[in-house]
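Think of it as A, B, C, D, E, F, G, H, I and J in the order they're written, each chain with its own count starting at 1.
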């Protein structure tokens, strides 16, 4: 353990976050997401939900201010409802950012394609359906 | 996710638990344990405490009944106190086992040597000092 | 061996099943299937038939309820007959599922293409011709 | 599948059997044996018992006639009984060999040491305790 | 060495033959064939001609009866003659097969393309020009 | 780049620092140190001196309070003088630590032996002779 | 350390510079550049700015005189200003070259595409926005 | 060293030359050629010119007589002159071949594309500009 | 194929022979020899006897004249006879050498130990018992 | 090619020389030396003699002034003569060093042992017997 680094952030996750640059994206995938089959780099986040990771990561991770929406969610398919947890995501993102952040919603298949191109996927055990979120890195 | 497998158990951890045989040992290491330098096989359990893992693992893992103590703890060095969490470990082990289990205490350096010879080390973020525990696998 | 895990499921197979997510597919290939040449990830199931694996896998594996048919078979080419074992497959799938499952049949070459894109192929020694089956993973 | 090769013999197992030479040993390990931690080369034989493998392997594998006992078993520790399956092993070995074969019994810890030095370990799911057997290869 | 396996078949070659499934192809390349540059998997058969390998392989290898020609040769380019050894190939194939086998001839460049897609290439030292042959695996 | 992480700390160095546990050691090697030949894990710190790294690392890295001296230097061989930079090291260590730290001096060959056993060596370009320093990690 | 090689040039960087040939390009990336995700070969230059590297590299590295501009910069997107550091780059390039060098400016996305095709990317910690620079190797 | 093998031919180079078959090509690249970035397989020939290698290689290497030109050179770009060394190449090729060999000239960019598809590139230190040469292997 | 290289010598075998230096040894192992378990580097010579290889190898390979016996055989164990093929080995060695060569005989277990330390083992299919031979490389 | 780096120094050799530190040794092995079997890291210097490399390397490489003899030769065994080339070595070492260098002679077997422990071996094609030389790196 190191001073000032939250224990939920593993050495592998920190290395990935540091290696990412302007415009690179990371997916915080929920427990049902096909993470291993879509990930260029896969990080084990088993047993945790997305909010814990979101809070810990945004403490270090600048969001991209050069695009309209540096944060993306997966739109529920017809028949499924928008998850309540999105409100929590919004609050965490707002609290951790110095400027207002706009969140974009992608169709399920578009979200999958984007995940394949992402720098890494963090496989959490988030139980809430449509709990996935993509973060785009900004500059310092 | 699979039916009946607790989310805290990652694919890698499950594979390790299944590969282990009679007499093989796994270390559930606390957050300060030198896991990466001592592990023959290292599993990422960042962000979790030991009790959550102990409960999930013992649901599948038979303890060795051919030895006096299939469970081992690290004795505090002089000046440090015995951690309260040990009682919780004892209760989990007792609850998950079909027969009474005796727990052995090893000196710090002996515990390190034993960890090097273990099949795997699971690196948790348990904050309680001396929160490490070794489990020896039995037969079914 | 672990409590509650059928011995036919090897550590490698369990890891693959756990890594798969919503929409990922696994092929249970019969003994004549070109498994090694088509598999992104190949698992050794030599000496076993498909029904034993189907029963063991579906005990853990949720089928995808977001598609019409989460189960696929290979249609016999002209001149060959539909195998009797399909009825057994149907019964196993029905028994292990909480809701009715529709089974789709693919032409031989389409089945091969789909197998290449699958997350993994389990190479069994099923002797019945056209004994192959694809399973698509659902959510929990 | 190839003509004349029993399906229980996987490509990996056949390669191992062919690579072995005079004096090399293979362990057919039961389901509780610590195979992964002791094996120089590990072969997956999940879901099968030892007798099926013994019969299939000895169809190809010459036993060493330069030593007193080319077949070894693990002696039960005090309190455990000699397994009935040994008689079946004896019959298979006798039936598959052209000359009488003497079987040696090793203490548990000696058996483990010998397994570490073996060319390969085949991890079966044999449920009978003390179901392990070592075969030493002879010449043709 | 194993009982019943011809010595010319190496452990690697046997593993490849066993891994192949319905429709997979293997190239028995002559000594001048660009084997290393075209092979997905390359097997060393140096010092041997093609007929020895053909005889040994077809003892185990079923030819594909679902296609018109499971055996292919490379057509001589203009100015070169059809090799006499083809007759020997024909006799071996006929003798080793339970049903009549039709042999197809491919243009040199088509033969190369097909070799790239083959499961493996066995690099022999056959000295006869146009001594290459492709075998397509059938079912058992 | 991440908020709060000094740029001199590369993703690889951060990962190493996070993986280290209680009692693990890291060597900050000067430009003449035989780092590549002694390192279990080697990190590129070319172009930087030791003080910059020492300051950046100790911002995160707890020193071991269970031993007399968690900081070690290499004693000059006869004829060479004690380097002035040691005073700077002492000041940095003192400033970054919450409690007084005692520094130990090792003979050259002992320092080499210790470096071989260290978790990692950071190869800097420190020009001052005897500019090497070993840090032993403590607990949080 | 070697005589005549500046310490900022690591063994890995020197090897890359030597391996490059006529027309190959290297990117000196600033601290916000997505280096790890775009690099065919990635070199760690953490903690240093671009000018130090530019000076050290051009001491050895001939620029390509067969193209109009062997040096390329990333054009600021609308709203951002041209960085002052470019003047420093220009002076270094001019001083280190035997003939006048013309510098080309690429749009951000074109610069990214070119970086992907480059032989290597050197990830510096240059803090100045738009501090990236591409060098194209010439002949000796 | 072996009897009859010139010392300039390294074990790696000999292996490559032997692995090549009918139609495969090798590039003898001059010191400025971008060998590492274009080579499927790269061989170190540092410190030597092309003529020494040409002489040594053609002692073993049959040129392709099925094509018009089994030897290719890189045409100088406008403004550069045809190198005198080509005459030496021509003499070596003529002397080492049993039949007259026609040499073809490729434009610089075509030569690069061809080099990427070659079986290997031998990186020499030939100082003469446009000293590169491609050899296409024939049959024996 | 290359001019002057016998086809029985594969690219891998030639590379090994070239890499060997003064005092290095190669084992030409018969078909029953435990080659894979004893070899530091293993070469496939399946289907060939030892004499063909001996003749081809000694055409290039100088024997060590600095030791009493650069050629070693395995002494038959009690009850087995000295193989007639040894005479053929002797004649080949004598014919291929410029000076008389003395042949040494090692006990079986000593031969095994020596084989483990050899640079490589060439696994032939020589059927004659005790057909193994070790060659020690000399200087040119 | 880079300005100021002699072409005989390959990228791999330069990287090795830069990685070495105080006390590390490199062997410049003659053509008969068992380089591949003794080298921790092997560098291809085929076709060159030792003097060319010695001259090029010492242009960058500081010799160790902390030991009596930073340069070592292999003593001829009884019956062989001291090679004349040693005088050339002495002159090169003297010319390239700023202070007088003493050269030590090791017995053949001691030289081999020392070579095994060296950081790297450069395999030249030096034809002169006993042409090997070891260099020990110093400080800058």
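Here are a few things to note about the model shown:
FYI, contacts are C-beta pairs under 8 Å (C-beta built on N, C-alpha and C of every residue); 3 or more make two chains touch, one makes a residue touch a chain.
Not measured: the values here are computed from a predicted model.
Rotation angle, chain A onto chain E, C-alpha superposition: 145 degrees, expressed as a multiple of 5. Across the two interfaces under comparison, A-F and E-H, the one joined by more C-beta contacts turns out to be A-F.
Ranking all chains by how far their C-alpha centres lie from the centre of chain H, first place goes to B. Per-chain Cα centroids separate chain D from chain I by 32 Å.
Centre to centre, using the average C-alpha position, chain B and chain E are separated by 54 Å.
In whole angstrom, the spacing between the mean C-alpha positions of chain E and chain J is 50.
In chain B, the positions touching at least two other chains are 1, 10-12, 19, 31-32, 36, 139-140.
Looking at which chains touch one another, you get A-B, A-C, A-F, A-G, B-C, B-D, B-F, C-D, C-E, D-E, D-I, E-H, E-I, F-G, F-J, G-H, G-J, H-I, H-J, I-J.
Touching chain B in their complex are the following residues of chain D: 29, 31-37, 77, 112, 129. Residues 19-24, 66, 119, 137, 139-140 of chain F touch chain B in their complex. Against chain G, the residues of chain F that register as touching in their complex are 1, 6-13, 31-32, 36, 44-48, 52, 125, 127.
Listing the residues of chain C that touch chain B in their complex gives 1-5, 10-12, 14-19, 59-62, 139-140.
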